[in-house]
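Reading through the structure tokens given below for one structure.
Just so it is clear, A, B, C and D label the chains in written order, and each chain counts residues from 1 on its own.
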Amino acid sequence: MARVAIIGASGYTGLELLRLFARHPGMEVTALVTRQTDAPYVADVHPSLRGAFDLRLEALSLAEIGERADYAFACLPHAASAALIAQLLDAGLKVVDLSADYRLTSREVYEQWYKVTHPDPDRIGKVAYGLPELYRSRIRESELVANPGCYPTSAILALAPLLKAGLVSAEGIIVDSKSGVSGAGRDPKPAFHFPECNESFAAYGVGTHRHMPEIDQVLTDAAGQGVEVLFTPHLVPMDRGILSTSYATLADGVDQNKLMDALRDFYRDEPFVQVIDGLPATKHVAGTNNCHITARVARGRAVVVSVIDNLIKGAAGAAVQNFNLMSGQDETLGLT
Amino acid sequence: MARVAIIGASGYTGLELLRLFARHPGMEVTALVTRQTDAPYVADVHPSLRGAFDLRLEALSLAEIGERADYAFACLPHAASAALIAQLLDAGLKVVDLSADYRLTSREVYEQWYKVTHPDPDRIGKVAYGLPELYRSRIRESELVANPGCYPTSAILALAPLLKAGLVSAEGIIVDSKSGVSGAGRDPKPAFHFPECNESFAAYGVGTHRHMPEIDQVLTDAAGQGVEVLFTPHLVPMDRGILSTSYATLADGVDQNKLMDALRDFYRDEPFVQVIDGLPATKHVAGTNNCHITARVARGRAVVVSVIDNLIKGAAGAAVQNFNLMSGQDETLGLT
Amino acid sequence: MARVAIIGASGYTGLELLRLFARHPGMEVTALVTRQTDAPYVADVHPSLRGAFDLRLEALSLAEIGERADYAFACLPHAASAALIAQLLDAGLKVVDLSADYRLTSREVYEQWYKVTHPDPDRIGKVAYGLPELYRSRIRESELVANPGCYPTSAILALAPLLKAGLVSAEGIIVDSKSGVSGAGRDPKPAFHFPECNESFAAYGVGTHRHMPEIDQVLTDAAGQGVEVLFTPHLVPMDRGILSTSYATLADGVDQNKLMDALRDFYRDEPFVQVIDGLPATKHVAGTNNCHITARVARGRAVVVSVIDNLIKGAAGAAVQNFNLMSGQDETLGLT
Amino acid sequence: MARVAIIGASGYTGLELLRLFARHPGMEVTALVTRQTDAPYVADVHPSLRGAFDLRLEALSLAEIGERADYAFACLPHAASAALIAQLLDAGLKVVDLSADYRLTSREVYEQWYKVTHPDPDRIGKVAYGLPELYRSRIRESELVANPGCYPTSAILALAPLLKAGLVSAEGIIVDSKSGVSGAGRDPKPAFHFPECNESFAAYGVGTHRHMPEIDQVLTDAAGQGVEVLFTPHLVPMDRGILSTSYATLADGVDQNKLMDALRDFYRDEPFVQVIDGLPATKHVAGTNNCHITARVARGRAVVVSVIDNLIKGAAGAAVQNFNLMSGQDETLGLT
């Protein structure tokens, strides 16, 4: 039975991890780490967990974490995350990092987009990107896995198989994404005040969102050539879910059947990706670790539509899937 | 053409007043007063007003307000409101106060519930309560009107006619109210962060809400005897609207027809109260100054259900209705 | 490993049962029964279940159901349910009935409120009411359990302990309930068309809802004397969740502490009822089998506020809890 | 005072027209035409209008409509609309057609996309397209105006100025649009049942939506060369609002400033289009006839984001704007 800690358990990702942990038969939660010093019960921080866990969030030292846990899920802000993870690894823990710190393989790109000095630069580029559908064997052997961003997961799962198969051009890809508000985190801000964002739909961060270089990097790896996507995120007045509509130029002779066949072939044995005939809706994957994908050809271009739950396949569920692989358990354990 | 100022125009009530003012043929907006010193354009504070007003919010002095405007709509926090209003009245303006400062007629009750010293105690008890359906003639002659609270409006319109007619008992009244989130104002707080209150329904302030003594006072006046309601507010995951379900003990021999007849008689000539046969829904009054009411008898008691738009009949619309009366114009001008 | 069938699996209750079954280690789903003859895959009826079940909904005969399953969860309309259940029991299955057919113990009351002739009148009054918090031992020994209605569950859990302890009067109880829209079922109707009920809050069925006599009956049993509640349901623009605000007259000398103590005592060992200090919100129990309850004294009366997920503790979760008891398994198996 | 009729007043467009008419000082509503023969009061069909209109919906003959009204707003399904409009015009009325019947200028394209024989083919291609920002002078002189589709309005206002100015290529344009649910009309259907579409975001009609050829046609006219856009609509869980994100290839040497300057120049004197610096949100135009637009350059391409209220600038508001022009009144009368 693996003993697991969550570092930074008071946000939405922490809550979602705990919901999944409550049903996971192959782990025991032994530490919830916070900076707060009043050691609140988890049910006071997350009332949804009342009855599920009788734990406190504690301001544990590194040594205490090391004594209590074998695995850590880090849910800290970027930079803070890598600073601690370097120490956790030294203390012998295996780590799933839910921050962005180890996703990008270039220190330069990281520092340009995240505007901070990376606290653990030597590890950059040596960490498995935690998307099992692309990097399963590396994840299995890793002590540290960089859990992907939510938007990148939705876009990469849609496009990587088509780029790998050479069915669409690496140039001119557009990813138009729409996310529920939980993606913005738990801190109250004017833009996410209920009467401001309820009954409203808005674009934000056009061409400037930090997930853009992450999508570029993984799709470049899939395509075997440089990919630079134009990424536009939008905010949907709902709690959870991401839908990405990706547009790409077709290679010669490619039709809709070839796109669908390539997706079906690629995901045939994947437990959490379903290629569907109809058009997907975020509600159909809400609360699950699934990704639904379909492809269309319209006006001579590929349109790939993919949906995930941003908090599960886009965060906590992927982290559990990675943990299952890292700990040698059934990849689907505790996930539906 | 009346020249009007809004004092404190950056919140939801200010926005709603401006929306109504944009359609009102009998006034000109001449001053939007704020404490901010950078004089922002109203469209930068309220993007919904882009194209409707080309005004700035300004940190005007009392003298400047007095020069520019004949009427002021005060949308300040309690205590701050009365402190300024005393000066505005001295400067010759007529005022609609949208705060709670002049609603209660007892200084003691005010200070007990609002936990502040009243800054203008001499005026307490001498100000018209701005519910035209009950106090129209007083409002017409007033220089200062206390605009009612949103919950009280919904409850008083439901119950006052029945108490006046002696059809229900003054004792044991329960008002179970449900409000959209705009009632909580524009400041972002954890409880109103979208992912916290969306898809959730909650009770709050059971028996402790400041609107309870306000309801008591006006219903006591209507009943001609002491009324103490048990008031329970709830938060509905929607922008606007209040529905109040009021329960009362029937007087002897009273049935549903008598309740409905009393309501219809009382509101026969009222432009903004409609007594309906079916059960009301907040959507049917959203964006209007209307109140829909119906009554039922069930298990031997009266159940009165009323709906208003909390921002309009519960705030800005009532304020315009009061202004119309105070300025000698058609009471319905600019209102639908 | 118990083999279970769902009769009528295409609605929201069927979906929710299947979600719970997917995580339940002590059962195997062996039959999904429908009247449709085209045998659709469950993922085509419930896209949310794609990847979780590879089953078809089938128009099975009674004999086929009997061969395949040991337990049946009946999700049929009232009257249709009892007609089939009588046969399922004869065929040796144990049954959880999610319809209203066996909840009421009086044929006369049933036929008055449901306007049909009961198809299995001899069993009326002999069936365990499936609320384990009140009837656990009977449920354990039953071949047939009547799963409670969603509103009654929320109201009974709030009031039964106080009535049993004699802390509130049996007379004059009011239950003011608010439910998400999934409670209305899956058939599209004008009232539940998105643009009609979104951003709206409405009352319905004041004093005429069929759950009223069900609440009366179980609270009468708890109080040991006749209880007739005034029940008012409302529709909240959200998917799931019920909050009930119950009002009752206090017995002499009872204060808030006594109410809270009685609730805490009653639910001390219950896995799915949490008595909380704060005011509850439906979001905190969404997706769980939990009920959160608190009590207040205001204006001399008891106000008890309780929340459940109408589809889980109010339907499918309670059914699993009952199944766990009937099959001699851990009562909490597969439930969080 | 123009006398106006609405033909087909029971849907959402009819409701929205009546809301606007209630505030319009330059018209009188004299006929609401329906196929229903029970002559319901408008407040029974649209409870939101209680208190605003005391009219009935009537099954009037053509002669009766002609006697009562000078202008007709036709809100009928396609084909039914043109069949009646031909007669209304013969009877001397001026007509704003809110259906799609006269928008397309090619009978062949119409019949291909709408799958019906056009009932008034001779008029096709001779009717003004009711987008005043592009066709104001034609509208002024017209007896019949084809009110634009909601999606086309949002896309055309975003792209036409840039195509006219030659700043973006006519080839390869993508319009990714998101609409509130009221766009789907008032008939209850499974896809729009509250628990199905609430808290969900979905794509539909990728490359097959009937608004695609309409966008093509008007942008072709603006560009002076063939334009074929790839159009993808999506459904947002909210009542009203459309946001379109349009992607286009930049002409040589064009940067973001040139795009913004072109938009500002084009709309400088337009009362209902605001070119804004920030990114738009549908809430900021909800309830208004406004369109907010901004442009970005990202990854070397133009991204234009535009928002409208689909029921106002996308339907009823545009119809009133067209009526104002046709009747020689101030174009902004009754609109905010």
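Keep in mind that, in the parts below, contacts are C-beta pairs under 8 Å (C-beta built on N, C-alpha and C of every residue); 3 or more make two chains touch, one makes a residue touch a chain.
Since we're looking at a predicted model, the values are computed, not measured.
Chemist: Using only Cα atoms to place each chain's centre, name the chain farthest from chain D.
Modeler: C
Chemist: Find the pair in C-D, A-D or B-D that has over half of its contact pairs, by residue number, in common with B-C.
Modeler: Of the listed options, the interface copy of B-C is A-D.
Chemist: Between chain A and chain D, what distance separates the C-alpha centroids? Give it in angstrom.
Modeler: So the centre of chain A lies 39 Å away from the centre of chain D.
Chemist: Give, as an integer number of Å, the spacing between the C-alpha centres of chain B and chain A.
Modeler: So the centroids are 46 Å from each other.
Chemist: Once you find the CA centre of chain A and the CA centre of chain C, what distance in Å lies between them?
Modeler: Result: the chain centres lie 36 Å from each other.
Chemist: By residue number and range, which residues of chain C touch two or more other chains?
Modeler: Residue numbers touching two or more other chains: 180, 196-199, 237-239, 281, 283-284, 286.
Chemist: What residues on chain D touch chain B, complex-wise?
Modeler: Residues in contact with chain B: 19, 22-23, 47-48, 50-52, 199, 271-272, 274, 276, 278, 281, 283-288, 290, 292, 336.
Chemist: Quick one: in the complex, what on chain C touches chain D?
Modeler: 12, 180-182, 184, 186-190, 192-199, 237-239
Chemist: If we count contacts the way the header does, which residues on chain B are in touch with chain C in the complex?
Modeler: Touching chain C: residues 174, 176, 178, 180, 196-204, 206-208, 228-230, 232, 234, 236-241, 243, 245, 247, 279-284, 286, 296-299, 301, 303, 305, 307 of chain B.
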